[in-house]
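Letters A, B and C mark the chains in the order given here, with residues in each chain numbered from 1 onward.
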């Protein structure tokens, strides 16, 4: 290893200059992360790269046999491959069971997250009753409210707002312009990307005398450890109890999580999905982009939902579910969609045909 | 009542500590809000709760007979019920016609919104030509532009931006990190949650010589009284005239309202819906999550639209409309979706069968 | 022309007071923008307007014959029309080939974007290593990180964050509360509306031992010239290489662009669309609201996609594609959707009918 990453001196989330970069030999990597080396273990790599655009000082990976042709032609200095693809190349390589996860670990080794620069920026406003543990970085124009608490080694980015009584765990990372409402609780190593809003009021309204009356939202949002939340995703506070995001959940960008929802541990949800109020989602689910879960439903563990699917009934059984409309050329779509408006009638006509035909057959001489 | 809520001294939107909480007897509640008491009117409650998790000092409610079993087993100190459910419990109770709305009012009584802490935070930047009425709270790092106006008792949260010539009504509440562009007008008691953007340019572009030319967006956004807008919702300014949100409209999170749209009074729209440019929506509509209204359409009053439905034609008649694809196991969905691509052809084949069969029947001896 | 627009002296994006407005005669307009004048060329207009609400000192336009009746009744002082509609009115008019684009140019003439007010606001935090070119306006509470660069004449609005090593081109305009992560590169004349997040981490996660492991996102976002991005849209940085938005692309509000995506020049995408990771979209495409492009697909040039359509296969051929479910009254929808769940079976029954009938016909005497 060519040296520890140098601490950077500016507010925010710095990238390192290339010449300060860490590098590793395959031997050093395998010592840390496991795997078996084939070929020269002293090959040194400085960065990860795609097979297609790799250069001699980078390491690439093959996670899918679809890219075998790229493996043949890559100029990577080293590659990460599975046992089955092991003999498909002569390039110095690390052989392991899960090349994509291994690659993620190598990339993290070569691209360590910048450490927090402990201190509160002069322009930040931190209430004197707030608790700020050791090693915390609070960026310019951030606001930390009364009795809020920021765990050790966390970074609160520029312009973030952490409301009264909110609790941020240790080694958390709030990118600039995140909003955490009062009373919400985030675990350790939580990452919130810019524009995330945690704890806004849920959509609780009651109709009375032809007008909507607001239902106070007095629950919190409680987020477990190792949760990452993508840019501009919103997670509403509970009406009476808490909205809960369990450990290890990964939410992509622009997802809406309604009040009183619970999302089970290690579930991953792709961008633009909407989880309506009081839905309960199990553990280890995978939910596709722009899909929706209707309110008050229960989704079991290990359920996979395709993109653009609206789930309107609870799902107990693990498995894959789908419900997107199949696209086509607009002219074809128009004809099929027009028929779809009369599908019930078409089915009725088929039943009639079946009856008539049965009668005809019976009356056949 | 155990005492008035104590004013809190920090910027932002504080929650009260439990020991400062207001409490009320059923008698005190009914004196303020109406309804009839059955059982001991001196029971004192400090908070609202679900039937399931209520304790002796909380009041719960039954709005739906589906939860009758929970009513039987609840440990709530008091409940709010309709006349029909009145005899289903012995717990001290308030009987009324609309338990959910009554509950909302009790909750608001027990959980009053914190009053503004009048004053402009030292770090806020308020143009000297701006008008700030009495009792306004302007939080840290907020910016109020030239000739903007903030009505009495309003709260402008940390990091909010109120552009030049914008007008915010009285008792409005902008949570942290809201953006209101120049010239937009908000009514009284408007609530904008974090990340809301009011008045960004509409998507006006004209194709010329194979390039898009921007069409200036010179209208405003005009929002009536008692409108609430959820986190990260965006409402674009009009192209030439105004985008208008009438009184009492409730918008959930992550909704997109295009330029020149008008949304009629007391319409409620669930999260992730998209209202395309120049659509006109009536009063008292209910629009489901992730639904869409195409541009330039007119939707009448009292129209209900289900989640994930795209409205492509104007709707005059009140009623319920839907258009989500029915989800299923992926294997089933795949087969059905494949057929859907040929539905027009299938319908044609049914027509052929009908003709052939009719001919056969006619030719029967 | 009644005088140059007066520079305004406050931070942000000021609108001009009406009495400071520019005005032009038709002759002055045509001298600048081309087109032929019919009627009095000395008519002076101060603003653009719709046909319906125009007044004597405004100019309107007819881009679609559907509005011919409005042309007859308008009180506009002047209108912009195509050659075909030229004789449909007596109002002084400019005749041109593309009235909507011409109107856009007239509107831009009458409503010039306010020029930047050069200078860095006292409350902004600009790292001393950042490059700020001439004529740049940096608003209150903005943050510009280490080694970032802001091109001449650009405006960085209040509360914006420009990360370390980011590059903003010339005459760019970041409205308040925009976030640009470290290392991202924006071209000249780029407009980012409030709440936009450029360069957040893509959704890269690898499953290992029943947990998600984060895949570092070390690419950048690179945005070309003349790109406009609507409020609260998010564009993720690449995993290993860059996410690229080519010149002249127009993105509406609340769009999600995943990591490694490339969007070709002059493509326009309507609000709430989601482009999944590694998708490549061609030039001059038009993509409808709330549509989706699945990951790793390639979409050719000049492809049009309707609103609420999910594209699940690559599209080579230019043309129009669609895939929204046709909405209807809820009662009708329910019946048809129920049948759709059995469409494959229905098709099977039709095949059976066809076989049976063919057999019957053959056996006919």
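By definition in this document, a contact is a pair of C-beta atoms (placed from the backbone, for glycine too) under 8 Å apart; a residue touches a chain by one contact, two chains touch by 3 or more.
Because the structure is predicted, anything quoted here is derived from the model rather than measured.
S.K.: State which chains count as neighbours of chain B and simultaneously of chain C.
M.R.: A
S.K.: Note whether the interface between chain A and chain B is symmetric in residue numbering, meaning over half of all numbers used appear on both sides, and answer same or different.
M.R.: different
S.K.: Starting from the mean Cα coordinates of chain A and chain B, work out the distance between those two points in Å.
M.R.: Result: the chain centres lie 26 Å from each other.
S.K.: Where in chain C do residues touch two or more other chains at once?
M.R.: Only 123, 141, 159, 177, 195, 232, 254, 272, 290, 324-326, 328, 338, 340, 342-343, 346, 350, 353, 357, 360 qualify.
S.K.: Which of the residues in chain B end up touching chain C in this complex?
M.R.: For this pair, the touching residues of chain B are 123, 125, 127, 129, 141, 143, 145-146, 159, 161, 163-165, 177, 179, 181-183, 195, 197, 200-201, 203-208, 210-216, 218, 232, 234, 236, 240-241, 254, 256, 258, 272, 274, 276, 290, 292, 294, 304-306, 309-312, 319-326, 328, 332, 335-336, 338-340, 342-343, 346, 349-350, 353, 356-357, 360, 363.
S.K.: Taking the complex as given, what residues does chain A use to touch chain C?
M.R.: Residues 8-15, 47-50, 53, 98, 100-101, 103-105, 107-108, 111, 121, 123, 139-141, 157-159, 175-177, 191, 193-195, 226, 228, 230-232, 248, 250, 252-254, 266, 268, 270-272, 284, 289-290, 307-308, 324-331, 333-334, 337-338, 340-344, 346-347, 350, 353-354, 357, 360-361, 364 of chain A touch chain C in their complex.
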